[in-house]
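What follows is a group of structures, each given as structure tokens.
Shared between the two complexes below is chain A, which has chain B as its partner in the first and chain C in the second.
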Partner chain A sequence: MKARVIAAKEALVARRGKRLWALSFGVIAVMVASMAIGLNRTATFETERAAAAESDKAVWLDQGVRNPHKAAHFSRYVFKPIPTLASFDPGAIDFGGIAVWMEAHIQNPSRFRRAESTGDLSRFVGLSPAWVLQVIMPLIVILLLFGSYAGEREDGTLRQVMSYGVSPGSVFKGKLRGASSALLKLLLPVFALIAIAVFVFDRGYPQEDLPVRLAGIVGIYGIYLFAFAMLTIGVSALSPSRRSAAVSLLAIWCLVTVLLPRFANDAAVAATPQPDSYQTWKDLEEIKAEYWGVIPAFGIPLTDIRKREMARFLEKFQVANVEDAPVPWSAWELQASEEYSDPLYDAYYAGLNDLYGRQEDTRFWLTALSPTISVMALSSGLSGSDRLHHYDFVKSAEEHRRVVIRQLNEDLLYNSGADPMVYESPTSFWGEVADYHAGPPPLTNFTGNYLPYLLVMVLWASGAFLFARWAAFRAANMETAV
Partner chain B sequence: MTRSPSEAAKKLKGFSMLEARELSKSFNGVVALDGLNVEVQEGEILCFLGANGAGKTTAINLFLGFLEPTRGEALVKGKSVRSDPVSAREHVAYIPERVALYPDLSGYENLRFFAELAGKRLGESELLECLDTAGLPRDANHKLASTYSKGMQQKVGIACALAKSAEILLLDEPLAGLDPKAANEFCSLLREMRHQGVAGLMATHDLFRAREVASRIGILRDGQLVDVIAAADVTAAQLETLYLEHMHEGREDAA
Partner chain C sequence: MTGALVKLELLRLRRSRAAWAILAFALFASFYSVWSGVSWRESHSASLVAYEAAIEAKMDVWLETLVAIESGERFATPFDARPSQVEFAATHPVGPLGHLAVGSAELLPARANIGPLKNQNLMVERYGFENPTTLTLGRFDLAFLIVVVLPLLMIALSFDVIAADRSRGTISLLLASRASKQRVIATRLLVRNGILGGIVALAVVFGIAMAPEGAAAFGLLWSLVFLAYSLFWIGLIYLVVGRTRRSETSAAVLVSLWALFTFAAPALANSAGEALYPLPSNLDYLSDARVAQNDAWKRRPELTAKYLSDHPELMANEQEAPEFAHAYFLANVMEIESTAPIVAAFEESHARRSAFVDKLQFTSPAIVAQRALFRIAGSDFDRTLSFLTQARAALMNLNDELRPVILASNRMSTEDFAGLSGFEFKSNSPAAVLGQISIPVAFLVLCLCLFVALGRPGNRYSPFA
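Right after this comes the complex of A and B.
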């Protein structure tokens, strides 16, 4: 009962104080701006992707008669579908590359990283709705609640309230309800705006599980900001004045939302360095050369691997010489080399993925110091813009490459006759080659990866709640209070 | 006229709204209140006079349960404040030197909030009547408390006590800083409440107002109750003389 009275007073003071309105207006304005930027970015991405995919297909279909292996080197691009929620949280999309060039013999890394083609100023600000919720909203929560206890202590109203026979628990519950109500008033329009933007205006690649993802986003940001609200109330309860509460909380905000996430990235890279693009290229060329020997392979003596493959070929067709086989050895070998190097590429990219995973493990341990690191991971995961979704695209693109290359190699194998190098596929054949159609993967593929981050968020929120409660009881004890 | 502390304590026996039994408080070894024995009964206001640091505010804070006694016990209507401070406070209205109001709420809204905190669901007319009785100008009822003078804030504090139907007032230098007219109005209200059966303990430096309001006056020096005088037995001049004598004795003792 008393908690409800206090909560109602908190709400009235918040409305009367105009701070809530001013902050709400500011948040909505920043959110509208960031959402507009996000929608525009995704729309641009998707427009460019669709145009590039169309142009790529037209060039492929119009290549005329051509040797299938030459076509396998000429080949096509696979373009990454940019998911709808990338407008909300672009995550690693700017850094992961948006297209893979499918080529014979090699699994190329994804390319066209947006971060490489943007101006220097883009390094300073990554304005997205997710960034606003991760960095700006905690600051708004602090500005809204820093005086929660400290202000009342400074004005003497806390003492006055306590003199009315109100228990410390009732004061805390009242403050909690008041803070939750203020938080809801701030967040509901923000989430409504995001939902409208995503469902109505977004031009990204559709995500079938969009409602679930959006609900997850609302949930994790709710938990995250609740943790900040509790932290703010706790620090306010331990501070002798509004000013000291504000100074302490601003220092915490800066550390938790700005410095620690950046430190976590640097620490992760320092603990597990990643290969640069030159090293990656060299590694991939080495895998390619493992079957073929020194590049170019033509005229170079057979490697042991090639010799073994030839022996398998002769045994399969029960012939003594490759010339006696019913299919051309050179066409057979093209597919055989693919199948030889496929697991090598799988292992290489899995290793690279593991390396990034180890970097994330380092970051994960630092979530103990900053819930922002957790919310960043969960937010980009739920938006479908994180490393795991990108790796899924890389694997899906590679599966498609293998299908296409097999199709081209089989055309060569069964239709080229004795001399595959002079064979040319008819124009109609290019239309038979499969198109890439995979969309973003479902969230359920990665649930296990996100659970530890979710657990950390819940622990943070619970810990912050217990801290706030302890501090509030301490503040209500006039003898021990600061 | 001067009595020993034990006599003073005896004289106060029989009161039961507030009771202090050997009530003592030290802060880091420094004694702020030393063995206070006192009782205040219905319709009585006991004023504590004393220099700064004499223990007046400490005594009030001990009755409010804001401080825990080092020794002894404070009782409100026979209930130990230490064992259940929350229910003890339910009987009490606390009016400090500056009544703290929420500056973004009007006097009326502040009163409604504090009345609801006290568990009183009063209608608008009843709340306005409390403000009227407390003497807040009607045109100020719905103005923000941030625009109030100290006197007006104190009146809202009194209105809160009226709305709470508090049986006991704990007043910590409520007259400090009030202009003579406001102080006079405040004292009139206190006298009226006293006549209606409200008990009170008031800490003040103002000898003349103390005599005007109180049934009894206790003089505190260095944490000890050194004298208790029935207000009706002394003139203002006699009270002043007595008070100064006690303070002078204190200085001699210290020397």
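Right after this comes the complex of A and C.
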């Protein structure tokens, strides 16, 4: 009962101060602007992707009669679909390539990172609804709640309340209810706005599990902001005045939301340096050349790998010379070389992925100091715009490349007759080559990767709650003792 | 009197744990950022050197083969020492102070292979293997520290420069001495921020000392921008703390201004630039390039015949080169020609967007400082764009030089090879950079003058009026 009265008083003070309304209005204005920018970007990117995919198909179908291996070198591109929720949180989407060239012999990296053409200013910050919730909203929470205990202590009202026999627990409960109510009033319109924007106006590639992802986003930001609210109440309760509470909380906000995420990023790269692009590409070319010895391999003595493959070929067709086999050896070898290098590429890219994972592990340990790092990881994961979703696209593009190259090699193997070098596939064949249709992967593919971050968020929120409760009881007891 | 104020302030600072924490953080962060930048520079430069050495070694072998063929020491197969195999490395070296502002440099291409079997799309060597997650937030470099973190530390150190005396009730005692309020504030601000700035300046000097030879002029310009930007913030803090009575109000106003200048204004300027001057899509470029390649592939006999009918003297080739060599060459030449409009449109749109941001930069000192520091360091987007333009020009130049021998399936002479133009990156001189940054830096100085003028006691807008 007493707690409800205190909560009602908190709400009344907030209403009278007009601070809540002003902040709500400001947040919604920034959110509308950032959401509009996000929706526009996603729609533009998806339109560009669809046009590029269509153009790529048209060029492929229009290549006329051509040797299938030459076609395999020209090959096709696959383009990364931009998921709906990238409007809310673009995450790492601008920093991963958006097109993969499905060339024969080699697994190319994804290319055309959008961040490369956004100029120097984008290195400051990208305005997005997720950024507003991650950086600006905690500041709003601090501005709303920094005086919750410190103000009452400074004005002497906390002592008055305690002298009426109200227990410290009731005061804390009242403050908690007041804070939750203020937070809900701020967040409900924000989340409603996001939901409307995503379900009604978004032109991104549809995500089948969109409602689950959106619910997850609401949940993690709820936990994140609750943690900040509790931290604010706790610091306010420990501070002798509004001034010291405001100053301490502003320092915490700067450190936690601005400095530590950037520092964590740098520390991750310092602990595990980025792969050197030149060396990485050289390694991939070495994998490409491992089967052949050197490319082009005309007139070069056979490598041991080729000799073994030739022996397998002769045994399979029960012939003594490759010329006696029912299919051409050179065409057979093209597919054999692909199958030889496929696991090597898998291992190499898995190694790169492990390296990225180690970098993110370093970042993860710094979440102990900043929940913003956790919420960034979870938010981009739930939005389908993080590195894990990007890697899934790269993997699915590679699977598709293998299907396409096999199709082309088999055409050469079964239809080229004695001389695959001069064989040309008919124009109608290009239409038989499969198109790439994979959309964004489901969230369930990555649940295990996000659980540690979620756990850290829950720990942060629980820790902040316990801290606030301890600080509030201490403040109330001190007032009673005086 | 000023001497006594300085001594008193130093004493207060010595006793303040918060001040020690801020200064220790500044020391750690500024030297860490230089160390981080230097290690990036070393690994990036080593990678570029290794790339150049690999291409050079490849061409040495190619040239030895050509010499052996010319002297008759070696029998030439159709694949040996062909002009289509000529390659030059084009690298974008780290800027003179690139380790102080990594900026966009870690994101953008720095290696290109200039050769007739390459086109604009393929000449840029494969890159982009970095973790996209870590690229998202950028590096904790000295430029970030100066532009974003330093003002925050200055605010933390200075927001209560006079309000603390008000709340303690010691203001009357302080003003009972001969010192005026504005002198007290100015002295305290200069002492506090002088120590903080001195720590960061040490890191700046250390960073400049770590630069390669010939970067002294750039170092001087960098120091100038650092000084102008720091003084801008001291001036702004001077105005705000003088106008506000309570320290929490000072802190809130200053932090709001900081957030406005370092986050809101750049984000809005960037979004406005993107929306008003969109760059042609890379995917459009790719589509056009592939259409051109496909057309060239289909028309290669016609195009070769046309060229050779104009130059019949080239038809007497000594040995037939593989067909793919001139087919690829023609496809690439056609691709370059047909994508020229989209490349020109990209450069034009970028120039318009850049001119727009040049105007918008005056909305925020942080944008002014960031653009100036990036330009001086040689880490700005424009420098990479210039590298790509120069590499494209070198590719077209080489194609013109090699076209006759490639299309005629001839082999070139060692003399002709020696006469080929390679690639050398031309960067801006310190004078050119000074020309680019002079107006923005003058703007910072002008703002400082304005703050000082507004703060003079006789001014009706003065906080001390």
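Convention: the second predicted complex is superposed on the first by the 478 of 482 C-alpha atoms of A that agree within 3 Å, B and C clash if a C-alpha of one lies under 4 Å from a C-alpha of the other, contacts with A are read in each partner's own complex, and residues count from 1 in each chain.
The rule is simple: a residue touches a chain if its C-beta (ideal position, glycine included) is under 8 Å from a C-beta of that chain, and two chains touch if they have at least 3 such contacts.
This is a predicted model, so every value here is computed, not measured.
Asker: Figure out whether A:Ala197 sits in contact with chain B (first) or chain C (second), or with both, or with neither.
Answerer: neither
Asker: Contact-wise, after the overlay, does A:Ala227 reach chain B, chain C, both or neither (first, second, both, neither)?
Answerer: After superposing on A, A:Ala227 lies clear of both chain B and chain C.
Asker: Touching A:Ser167, do we find chain B (first), chain C (second), both, or neither?
Answerer: Only chain B; A:Ser167 stays clear of chain C.
Asker: Between chain B and chain C, which makes contact with more of the residues in chain A?
Answerer: Residues of chain A touched, chain B against chain C: more for C.
Asker: Of the two partner chains, chain B (first) and chain C (second), which one does A:Leu413 touch, if any: first, second, both, or neither?
Answerer: After superposing on A, A:Leu413 lies clear of both chain B and chain C.
Asker: Is A:Ala468 touching the first partner chain B, the second partner chain C, both, or neither of them?
Answerer: neither
Asker: Which stretch or stretches of chain C touch chain A in the complex?
Answerer: Of all residues in chain C, those touching chain A are 29, 36, 39, 43, 47-48, 50-51, 54, 77, 79, 103-104, 106-109, 111, 125-140, 144, 148-149, 152, 156, 159-160, 163, 167, 246-248, 251-252, 255, 259, 262-263, 266-271, 273-275, 278-279, 281-284, 286-287, 290-291, 293-294, 297-298, 346, 350, 353-354, 357, 366-367, 370-371, 374, 380-381.
Asker: Contact residues on chain B for chain A in the complex?
Answerer: 61, 64, 66-68, 86-90, 92-94, 96, 98-105, 109, 113-114, 116-119, 164, 170
Asker: Show which residues of chain A lie in contact with chain C when the two form their complex.
Answerer: Those in contact with chain C are residues 37, 40-41, 44, 48-49, 51-52, 55-56, 59, 62-64, 66, 74, 77, 79, 91-92, 94-99, 108-127, 135, 139, 143, 241-243, 246-247, 250-251, 254, 258-259, 261-263, 265-266, 268-270, 273-282, 284, 296, 298-299, 352, 355-356, 359-360, 363, 386-387, 390.
Asker: So in the complex, which bits of chain A are touching chain B?
Answerer: Residues 1-2, 5-6, 9, 12-13, 16-17, 155-157, 159-167, 478-479.
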